[in-house]
Amino acid sequence: MRLRLQQLAVSYPAPGGTLLPALGPITFDIADDEFLCLVGPSGCGKSTLIRVLAGLLQPTAGSAYCGDALIDRPLPDIAIMFQDANLMPWRTVLDNIALPLEIAGVAESERHQTVRELLPQLNLDGFELAYPAELSGGMAQRAALGRVILQQPRIWLLDEPFGALDALTREKLSLELLRLRQRSRQTIVLVTHDISEAVLLADRIIVLSRRPGAVIADIAIDLPRPRFAAMIYQPEFLRLTKQVRESIESLRD
Amino acid sequence: MRLRLQQLAVSYPAPGGTLLPALGPITFDIADDEFLCLVGPSGCGKSTLIRVLAGLLQPTAGSAYCGDALIDRPLPDIAIMFQDANLMPWRTVLDNIALPLEIAGVAESERHQTVRELLPQLNLDGFELAYPAELSGGMAQRAALGRVILQQPRIWLLDEPFGALDALTREKLSLELLRLRQRSRQTIVLVTHDISEAVLLADRIIVLSRRPGAVIADIAIDLPRPRFAAMIYQPEFLRLTKQVRESIESLRD
Amino acid sequence: EERILLTFIPNVQFAPFYVGIEQGHFADAGFDVSLDHLQEPEVLDLVAVGQANFGIVSGEQVILARSRGRDVIYIFEWFQQYPVALVHSAALDLSDLEQLRGLAVGIPGRFGASYSGLTTLLSSAGLTESDIEVKEIGFNAAEVVCLGAVDAAMVYANNEPLQIRNRAAAGDCGAITDVELITVASQVDLVSNGLIVGRSLLDSDPDSAARMAGALKAALRQAINNPARAYLSSLKYVDTLPNGASLVAELEAAAERQARFLASHPDRQAVAASRAELLRQLSQQFDPSLLAQFQVLLNTIELWDADELGFSDLASWEAMRDTLALMGFLGDELGDLADAFSNDYVLGGSE
Amino acid sequence: MAKNESTQPEIARPYANGVVWRRLSPLATVLVLILVWHWITDWQLVSRILIPPPAQVLQSLAKALADGTLAKHAGTTLGEMMLGLPLGVSIGLAIGYAIAKAPLLEYILSPIIVAFQSTPIVAYAPLLIIIFGTGPSSKVVTTAVIVFFPTLVNTIVGIRGVSPRLRDLMRSLNASRWQIFRKLELPSALPVILAGLKTSATLAVIGAVVGEFVGSGSGLGVLVISARSQYDTPLVYVTVLTMTAIALSLYSLVALVEWRVLVWQRRST
Amino acid sequence: MAKNESTQPEIARPYANGVVWRRLSPLATVLVLILVWHWITDWQLVSRILIPPPAQVLQSLAKALADGTLAKHAGTTLGEMMLGLPLGVSIGLAIGYAIAKAPLLEYILSPIIVAFQSTPIVAYAPLLIIIFGTGPSSKVVTTAVIVFFPTLVNTIVGIRGVSPRLRDLMRSLNASRWQIFRKLELPSALPVILAGLKTSATLAVIGAVVGEFVGSGSGLGVLVISARSQYDTPLVYVTVLTMTAIALSLYSLVALVEWRVLVWQRRST
């Protein structure tokens, strides 16, 4: 399903009764099954954009569509992974990850089974009964990733899903993501600060300007698929990386 | 002041009455004025180590010393920046950053003055009256960094201080850190997942194994100082980066 | 089922009602009576609005409530003597009420029978409230008097003095070894507790009022005449009454004896003497604490007993009205006092 | 509506616009209540003996105001509350804080604390009068006793809910105990403590009045009993409405503090 | 000590070890209290008129148990409470939840709610009896009224404190209102709501007893007045201790639920 952003803009009320323009106006489409990476300076409105697409935030101007449907509330096909892990502190890892299944009405034994099968891929086996406060930063993030994976959405909104992870785990999980996507094609919007990661994963990278974020570069990544880690040494990869880096560096003040 | 870790180990109580070995036993020294980077897989005990050094966590075995003093409670010379921003939700950005000064008894006008001078370097000007819930992920992290800077500690413990920041901001702030350190020499222990960043900043990089974290590589970074961003293209830099990456990749399972 | 609203809580002082139920006086008059206990103002209001047909309140409540638009009529005087008294240490000389001047006197609060009683006592001695030190001590007179926090206190003549006396005798009442009473009734005849009905009942079913007055009269006389039986009848209703097996057995025997004695139609004095004799006998066998409630019953009987039960006279109503006026409690609609009560219904019953 | 509210980014707006309305709405409620009351008495749904018409109560109010009765009695009760409320609340805060820090204390103290809370005053009235006399001090005690408990339990929960991460932060800053309390624990626990205060504040009136029932020469408790015993129902209503007004003022005061202090919570919802 | 506790990583330990001790400590307190009480009466520090010796109270207890008096009256009061407590608590939960969702409601309802909380029962006793009669139902009402408020205010604060981020999560999962309540709002607000319940549970006894004071034939309230009027101080003590025991049981019940439900909070401190 295509996502369309039309003259979309968000402002937040700021102290003193003024408005803080946080994003846009911004207009672009995300094609069906596209893997889009969003990069841009901290505070430029990336999370804001993700929240609008998730139907959690009403834009101040313009609108976003999923297919033909106006996104004015969370749509069932769309799943979001928040920038912070956003786990429920009173639930164990197991029950946190199983939450989407629980809400969908899946029986307890079945959802526990499903989660337990997922845990090794997340390197979380052995921690199903731990509470979020007992996890390391990266472990919490991996649990949150597990929660999205279980939703099996058509459209994934991932806000810095690998931010707290070391290079190895990051690589493992992003390749896992590609693998998942290969089995059944999905639309993915991923926010990241890691340019190589963006190039390795994306079909297309959109670079946002400083707040309020506007599109300053829209770069198609035409590397062949399937992708693998060793690609980062290929000249084409390096060229694309450089192109993205340059458009970001143009923002240097 | 030298930090010494002697056969230091930490276990956490785990569900079911068992113990979860999280770190060590680990033994090494951190020289006075050294810039040490800690890298290692997610969940290997990096944050745990930082918390022990901060005097917030009693090790289960062994001990840590700062100079000759056993670290059994927070020492005044040591400041910690947590992995999550850890801001007080009821305080504005201004008052969150000013907290260390407030606790030290600095008068309100003076501490506000000090914070306001710091805000531009953090790219947070204009947000002094915002509450943490109104900040983006990266902005919150920058506020937390500001809070440590104001403490002017002899020993800095930084747990992924730039994790949520884009490449540009990251670069700016890490160079700012180097500059600060050049004016008055300080000991810095920094946890990061970014190998280039570690090589660019550190005098020495310690690579930890999977949980429970043990030292698997201890690499001196003898690049000349002052360092600058362009160094990343120098062959010596690339060699060191590769060395660190290889020792991490040896952990691949 | 006919509700009679009583005040306070189940207590041996309501023995005539228990007797009336247990010995069929109410049933004979065609009533299946149930008892409810409420605060006095509630009893009066519920009768006034017709939620219940019968209630027991004190006469002053009738005057006060009528002065504020409640049309209730008092048809049977239950207590012939105003039950309130001033209690004080026997060591204190109060032979002349004038000597109250300057003393600290405890009352529950500036409301109710105790306050009316105090006002009457003071005015009969030519004093006013400002001549003494009034202390509002709630219903804690026994403790407060024993511990010397007041010099005297207004109490119910049938209960507290007995309790204080028993304690004093046991050496449990501070410096006080004995107490004396000055009853309000000894100074002025004030109208006391009695049966009230609403105006609408008198209009619609005057006969039932008469039957109820008659039944109560019979039950009351029975309670007066045979206190042992009355106490036994109360046991079912008042579960805090001492009910040891030997006490109950003794009272059963006494009740039988009294019934035979009554068959000879003794006069009031003879019956009173038989009560005193019974108490004397029991006192030799039982601990005072076991007998206290029986003694309360006997004390109360003294307040009930008269040649003719149930009648109140206009003078006692007028005396009460004057007291209330003195207290500044009267509302604005005070009509003819003669409308407040009626003795007509007592005549309907038989003894 | 509710959905709209939470999806709109302009979160602070409804508060800003609604302030006037919100401030007036309790008055509107009171007006509606008075109207309903008027109709009930006008149509004689309930006997006027039990519920007097508003006009009559107003008249009674005017009289009680004019002759100073109301002021005198309300003054007494207010005076008792103004000592008892802070007393009970501070003890509740102090013990609650101690219990939050040392959970064993809760177990040790619970029998005593619950006994205080669950014993009706009649039962210890004689003790109260003998120890504190018939003056205001016994009412200060009854107020403090009734007010103590809600503050206590909410303080415990509030302080226990303080983020352990922020505790670590304060410790790493070498903050003193007092600073930890003042700058972390208090602001963090405040929403919950204020909820306890709301309960305490409204119970304070009952505490003083019930204390007066035991034995007192003046106060709203005395006035209500005296009016009741004189069958002066309008005056009973005047007295009760005065109590409610006092309780409502205290409640509103706490609500105002809550509103001011919790800007951040409103802004971030 | 406190410092040690929070710096040690073995956080769960003290709880595990301390359980037995903790469970026993209220008993220890009761024992100490009885000893102190014994000494007070033994050394005649306070007149026996006011405080009877424990032995005498025990005797009175034995008698009241043997002849069934205590069981009967306690049964009545318990019955009233067991209806009034859940009734008041559920209304408090429901209205509290509604207010948390629509803050305007708090302003609209506050006069009514506070009036309920601050009006002494004597004032509305006649209405209460006219509407509910003199049977147990009027005491169910007084219990419900007194129990309602603490649950209400704590529910409001608890629900308002729910993380807006987690709300977003639940909405993005297309959770139903009921699921949001059941899986997010309730567990998140539970610590605060349970604190409200602690207050409510211990007030429930007072609510029933005070209702009995208005007019009743049986119940602990009647028993305590009856004992008072017969100057049977030991029986007064027996009755009051029974009330305290009931309140303490309810309090402990809530505390137990709290303890079970808040494992996560203990583990992460």
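Per-chain residue numbering starts at 1, and chain names A, B, C, D and E are given in the order in which the chains are listed.
Note that contacts are C-beta pairs under 8 Å (C-beta built on N, C-alpha and C of every residue); 3 or more make two chains touch, one makes a residue touch a chain.
Values in this document were obtained by computation on a predicted structure and should not be read as measured data.
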{"item": "Chains in simultaneous contact with chain B and chain E", "value": "A, D"}
{"item": "Labels of chains that are neighbours to chain C and to chain E", "value": "D"}
{"item": "Shortest chain-hopping distance from chain B out to chain C", "value": "2"}
{"item": "Chain located farthest away, centre of chain B as origin (C-alpha)", "value": "C"}
{"item": "Longest centre-to-centre distance from chain A, chain (CA-based)", "value": "C"}
{"item": "Geometric centre distance via CA averages, chain D-chain B, whole Å", "value": "48"}
{"item": "Centre-of-Cα separation between chain D and chain C, whole angstrom", "value": "41"}
{"item": "Chain centre separation in whole Å, for chain E relative to chain D (CA means)", "value": "18"}
{"item": "Between chain A and chain B, centroid-to-centroid distance (C-alpha), Å", "value": "26"}
{"item": "Chain E residues counted as touching two or more neighbouring chains", "value": "49-50, 122, 126, 130, 164, 171, 225, 228, 265, 268"}
{"item": "Shared-contact residues (touching 2 or more other chains) in chain C", "value": "41, 45, 49, 139, 143, 147"}
{"item": "Multi-chain contact sites of chain B, meaning residues that touch two or more partners", "value": "12, 55-56, 73, 84, 133-134"}
{"item": "Interface residues, chain D side, partner chain B - complex", "value": "165-166, 168-175, 179, 183-184, 187-188, 262, 264-265, 267-268"}
{"item": "Touching residues on chain A, where the partner in the complex is chain E", "value": "51, 54-56, 73-74, 76, 78-80, 82, 84, 86, 88-91, 99-100, 102-103, 131-134, 151"}
{"item": "Residues on chain D engaged by chain E in the complex (per definition of touch)", "value": "2, 6, 18, 21-23, 25-26, 28-30, 33, 46, 50-51, 101-104, 106-112, 114-115, 117-120, 122-124, 126-127, 130, 149-150, 153-154, 156-157, 160-161, 164, 167, 171, 191-192, 194-196, 198-199, 202-203, 205-206, 209-210, 213, 221, 224-225, 228, 236, 239-240, 243-244, 246-248, 251-252, 255, 265, 268-269"}
{"item": "Complex contact set, residues of chain D against chain C", "value": "47-50, 125-126, 129-130, 133-134, 213-217, 222, 225-226, 228-233"}
{"item": "Touching residues (chain side chain A, partner chain B) in the complex", "value": "12, 14-16, 39-43, 46-47, 83-84, 123, 129-130, 134-139, 142, 160, 163-170, 193, 195, 245, 248-249, 251-252"}
